[in-house]
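Labels A, B, C, D and E are assigned to the chains in the order they are written; within every chain, residues are numbered from 1.
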Amino acid sequence: MKYLYFPGCSLKGTGRAYEESFLAVFKALGLEVRELEDWNCCGATAYMSVDETKSYALAGRNLAIAEREDLDVIAPCSACYLVLNKTQHGLKDNPELRRKVVNALKSAGLDYKGKVRVRHPLDVLINDVGVEKLAKFIKNPLKGLKIAPYYGCQVVRPYSTFDDQYNPVTMDKLIEAVGAECVSWPLKTRCCGGSLTGTLPEVGLKLAYILVKEAKKRGAAAVVTLCPLCQFNLDGYQDQIARKFERVDIPTLYFTQILGLAMGLPESELGIKRGIISAQAALAGR
Amino acid sequence: MPLEQKVKYEGDCDPEFAKWVVGEIGGENLRHCIQCGICSAACPLSLYMDYTPRRIINLAREGFRKEVLSSFTIWLCSSCYACRVECPKEIHITDIMYLLKRRAIEEGVYPRSFPIPVLAREFGRMIFMFGRVNETLLVTDLFLRTNWFKFLGMIGLGLNLMRTGRMSFLPDTIKRRGELRKVLEALDAEEKKEKKEALS
Amino acid sequence: MPDKPKVAFYWCASCGGCEEAVVDLAEDILKVVEAVDIVLWPVAMDFKKADVEARPDKSIVAGFINGAIRTSEQEEWVRMLRRKCQVVVSFGACANSGGIPALANQFQKESILKYVYEDCPGMDNPGKTRPQPESKDEGRTLTLPEFRGMVRSLDQVIEVDYYLPGCPPTPKIIMAAVQALLSGKLPPKGTVLSPDIALCEECKRKDSKPADLALTEFKRPHQIQIDPEKCLLAQGLVCMGPATRGGCEALCPAGNMACTGCFGPTSRVKDQGAKFVSSVFSNIAPKEEKEIDAVLDGIPDPIGTFYRYGLSKCLLRRKLQ
Amino acid sequence: MNEQFEPKIVAFFCNWCTYTAADLAGVSRLKYAPNVSVIRVMCSGRVDPQFVLDAFARGADGVLLGGCHPGDCHYAEGNYKTLRRMRMLERMLKGMGIHDGRFRLEWISGAEGDKVKAVINDMTKKVRALGPLDLPGKFKEWDKEMEELEAHVNKDSKKGETTHAR
Amino acid sequence: MSENKPKQENLPRIGFYVCHCGSNISSMVDVAAVQKYAAGLPGVVVSRDYKYMCSDPGQEMIAKDIKEHKLERLVVSACSPNLHEETFRKAAARGGLNPFYFQMVNIREHVAWVHTDKKAATEKAMQLVSAAIARVAFHQALDKKRVPVDPNVMVVGGGIAGIHAALTLANAGKKVTLVEREATIGGHMALFDKTFPTLDCAACILTPKMSAVKAHPNITLWTYSEVEKVEGYVGNYKVTVKRKPRYVKEDLCVGCMECIDACVFKEAKFADKFNQGLGKRKPVYIDFPQATPKVVLIDKDTCLHFKTGKCKQSCATACDRKAFDFNQKEETKELQVGAIVLATGFKAFDPARSPQYGYGRYPGVYTALEIERLVNASGPTSGEITLRDGKHPKAVGIIHCVGSRDAKTNKWCSRVCCMYSLKLAHLIKEHSGAEVYNFYIDMRAPGKAYEEFYDKLLGEGVHFIRGRVDEVTDWAMTPDEEGKLVLRVEDTLAGFVRRIPVDMVVLSTGLEPQADAQEVRRRFNIGCGTEGFFQERHPKLAPVNTFTDGIYIAGACQAPRDIPDTVAQAGAAAAEALALIDAGFVELEPNTSHVIEDECCGCKSCVPLCPYSAITFDEVKKKAVINEVLCKGCGVCAAACPSGSIVQNLFDDDEIFSEIRGILK
């Protein structure tokens, strides 16, 4: 199976470990992944507040480039995943918007038809590969590791194509597949604070704090997530959280990292050390 | 505490504003709101808002433009879409927050103490220049422009990121910047044309 | 002895089969010849146009005109005959409703000419020469009739008094018509001189048609061994009998062939093809669009099948550009 | 801009579902394009393909047929009969060069007043975009060739015998 | 080759009338212009407009004109024929004209009410008028056929609606068969403890009616039975009913229940459906002590005999009336009835479809029907409010509108939930003393004494929080919330979000159509609205009639409604059925088809098309024949006759072709 890969800005920066583990795992599973040629920023949530049409056009450029090949596009970052899907929907439902965006893209020699499918790597792992097949690759089951699955917002809402928006379960299945224990908690899809941790820390930090605190309270040794911003918020701000509320100290890993570990891939290839809160204790203590 | 008169006169409303919201993409179902408040209950940020999302919807459809555009609420929205999936009337509340933010920037009425509009603008600028966003540069730039003091509080985080190799100082850029600019400029031209036609 | 009534026969766009039908009256033709004076019959005798033109108006009792109308010459002749004849009988399917020639109404004039003079296999015409209505040759002007944009039935060009249906009309109905004319016992103007009841009435296979027919497939004659006794429609063949006027005594079904509709519809039907479609397809078995379509696919040429003799009289008259 | 072409659409609505839905649209004061005039039949199965052709021949730019949803016919199965024959009619219309969209079959239940509105507006828009069909006008125009050349032939015939090739 | 135009000189004398309908029509259609236009159409000798054509003076004007102007045809341009066709036919008859020499033009529902451009609307009205005037010339004088009505009635559904309808009909002396799917009649009402707003005991008012049904000499009660097929037409329906086996002979069992004690299962261990799964039952059981008929039955899925074949059948041994019959088979019965009342009820919304409320995930979350059983003295806890873990709740939250007023589930207001939530709030508070919170969006209390009941609850200190609950969660943010279920809601009247910890959550689930409503309505040839409830003939003027004559609907199968309205509707449906039966005959619309014998070629194309087998083939004459009593007038045969030899009255080819011509003139 072949896929195009849309990294987005975060996976080249703060979410580097996500890219590393994603690529390593996909390679080990025999899935071919090619980075989208000359991709640009998807526009994320911020650009939508500046210019609507342009934000559709920004995402549209990526989709137009992707359309040159008949492959699904994988967008691991939640914001990218949402924006690219939102663009497909928006351009389908609004003829006037579509006309403007298509014309603008055309003026730069780009052809947009809206035929690309934008996927999340979790969707690919669960639905294209399947849990049964994944199980065959598990060499080093993470027995005894209690994990709180954290889905965040933008993969399940509002375009939840592969999971339930109230109670998503795909990552739970993956956690079980790697032999770890899934902690049941009600905050799976509650906002991590998004960019507010940076812009309004007094508000953003509180949201992140609620999550790490509840995960720990429910007995999780680690949080596993599927979004670079969620990981950044839960992992990077724990010092500030400690200063403002209390020290929690719980590591936040990507689902691709725990899958990679269970598959026996070396930690160095999975960016395990890139966590600000070290996962070593959690991984060793099980 | 000074006493403040709370009455609103019909002259304070701008009915055109409500019409405008309804006409925008995402605003279609605005008028169907039954004020059940599930959006506010679902919103993880509503506890910080001056008006709950439900009240913003009501104020918008009644035409209280000033109150809506200068509220904190729209800037606190983190685009988690919880309200949108809960809304029993399928009102695209998140999209309404976006369009209100755009209008607030356009009218220059957003709350000055909030760095969020600045982030949005800088984000756009960086994309126009490089096609991609370097988070480090963006955040640095943001704090330099808004709040020096807060930036100092972030130094610890910066050091941590540097330690784990998650920070880079070189702006990432796409190859065909011209192509992207052409697309964006084509839209600018179209907008100009539209405005001209609207005037004539 | 008073003059015998004068009668004219004329042909337009036709195959000659209608002329043959007159000859097929066999001995009866002698009775006809005895009773009437034929003043025009191009297939059998040499009359000049000028001779006919010279006759006083309405001096001919009846004119039998077969063939569809495609050229200006045919128009000119039939208009002239209309002036000369007291009664004009439209003779045969082509005159009545365009007949086989009217199938050309599915094509534009230009595409027909292009095919015939340029594209058709075996054509060697490098100069792409086409006949012209007017051409000069050694100082003389040669003219050819104009090829019209479409094929018309006779009554789309001139007023018609009676219709003899069929491709060709059978001797029996021709004789009946001639006798009616001679005896002066004429039905109301516009009548089709054949029973106003559909063909099944006289078809020998009628009793074998089941009362609960639900077709699942249409077949073409070469695809099956046709049961010589059983209703042809029930065998999956497109038999137009139910939507076709009787009078031919079901000659084709008797000969193991499905009726193709040459007698045209009954007086109560405006559009034979549409009415047949309404009847036969209401009764096919499937209910899902896809399955219905699969059954319909068994009829690759609907227009040619349902309007084989009557495209000029289709309510839409011709294919649009 | 010239005055917009307003198509004339003839509709056949079954009494129990689509006609009732149109009544409901009225009672609900839904607003839709005035281009469609409805002929009431008891069942869409009453609609003879001849009616459709006749409507086109008399100047309709579009013909709309409305019946109960499959399985919901007031007469048990009338709409299946409609569907079958109209599928073939569609093929014939195509064969005769009548554009897709000028003839339309829709299932609209008695409760779907909003669907009446949506279908009528959509069809009006689409037929408007296709432009006039105007068969009566076309019939006249096609027959013009006979008038013009009749004069020519008459002139020729006065000269006597011409060299017609046959 | 016929041209469908009556000759100009032979045109009948037509009278034309256009109605203003107050301003309903005249505000969007230039009525005067239409009147003038019609006056110029061929055949029209009288053309008038009038404020209200359907009023007495309007009708009188028609009758007078018919006589004075020797009118031979009549066209009235007003509202939908579904509303006033009959009115004007009668007016024509009063004037001495055959009522079918009349055609109605619908310029209200189809023109005035739906268009916004007066010029275009007027033009369209003229087209429709021209069509009607063209067609009316072809109308024939017709007579309505009379057929006798079978005086027996079937009532389907044994809830309060079916019970009331059956009793009303039976009291009027009609023979009624009441068919119920479940083992007992009583429906949802039998589950309730008290009824709002009077708080009288549901059982006390329902069970006497249930017994009355059982005892009534005119009622045949078939429970555990379902209607399989319905054939025929108004006044003459043939119904096939399937009777499921109970494995107990109904006529022998006296309901002593000794068999239940004797069952090899000493403990009741299977989920008790009647008690919403909150209690247990044995394989041989009776739903509740007052079940009607009071006959036990065996659940095949749990009975040891049916599962293993190795049971000593102690139940059968215990029965001294030898009522057990393990070989009982499903039976098929046929009924002849003149009218049918459908009272098939509703289904409660399944809260699993709103997972945010945690039903099935948190044991403290209950549906309203479960609470009905919990507060019921004859329920599984004998009326004690006990949580699944045996504890007593200190705080209870009642969430209104679960599954209702929501585009994701059901858009409609279920109408009874506000009131039953108030009732449950009262009962819970009364039985347990807990703090009760009601979470509502809008309080709907429009019935008699309903608002007063709301007022009573306000006075009782029940909390009312206006807001739709977002989520039921066990995520605690404060120590108070630990171990509780937390409801997150915006108190929209206060303007901020609140988190309220409770021990028990009650979901006031809405009312939905029965799961098989679509199949049922197809079986009875009636319609459903888009939401799936049975469609009434007219929302205001014919609320218990359907589009199929002789079939009436009552109760929550038509829309959510409470007990008083349901009973009123059941009475209305019974009255409609009585009106039909006591007339003794029905007049059938004469829009039937017939074959013109001389023109029929006997091709049999029409024979298989008729769904009512009204068309047969006469093997002697070799022609098709239509039985006009069986014919329901769809016209499918007329459309399909390949030689045009079938005529449908009122919808003949000539009539329709001339309508087309009229529109496109």
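Heads up, the rule we're going with is that a contact is a pair of C-beta atoms (placed from the backbone, for glycine too) under 8 Å apart; a residue touches a chain by one contact, two chains touch by 3 or more.
Here the structure is a predicted model, which is why all the values come from computation and not from measurement.
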Request  = Provide the labels of all chains in contact with chain A and in contact with chain D.
outcome  = E
Touch-network distance, chain C to chain E, counted in steps = 1
Inquiry  = Can you tell me which chain lies farthest from chain D, using the average of the Cα atoms as each chain's centre?
reply    = A
Remark   = Greatest number of touching C-beta pairs links chains A-B
Key: Centre distance in Å when chain D and chain E are each reduced to the mean of their C-alpha atoms   = 36
Request  = Indicate the whole-number Å distance between the mean C-alpha point of chain B and the mean C-alpha point of chain C.
outcome  = 76
Note = In whole angstrom, the CA-centroid distance of chain B from chain D equals 51
Between chain D and chain C, distance of the C-alpha-averaged centres to the nearest whole Å = 28
Message = Among all residues of chain D, which ones touch two or more of the remaining chains?
response = 45, 48, 50, 54, 81, 85
Note = Contacting chain pairs, sorted by label, are A-B, A-E, B-E, C-D, C-E, D-E
Ask   = Where on chain D is chain E touching in the complex?
value = 6, 8, 10, 15-17, 19-20, 22-23, 25-27, 29-32, 34, 37-43, 45-48, 50-51, 54-55, 58-60, 71-72, 74-78, 81, 85, 109-112, 117
Ask   = Once bound in the complex, which stretches of chain D touch chain C?
value = 45, 48-50, 52-54, 56-57, 70, 80-81, 83-85, 87-89, 91-92, 95-98, 135, 138-139, 142-143, 145-146, 149-150, 152-153, 156-157, 160-166
Remark   = In the complex, chain C touches chain E at residues 163, 190, 192, 196-201, 206-207, 209-214, 241-243, 246, 265-270, 275-276, 278-280, 282-283
Key: Touching residues (chain side chain E, partner chain B) in the complex   = 356, 401, 405-408, 441-442, 466-471, 488-492, 495-497
Message = Show me the residue ranges of chain B that touch chain A in the complex, using the header's touch definition.
response = 25, 44-45, 48, 76, 78-82, 84-85, 94, 98-99, 101-102, 105, 114-117, 119-121, 123-124, 127, 131-136, 139, 142, 150, 153-154, 156-157, 160-161, 163-168, 172, 174-176, 179-180, 182-184, 186-187, 190-191
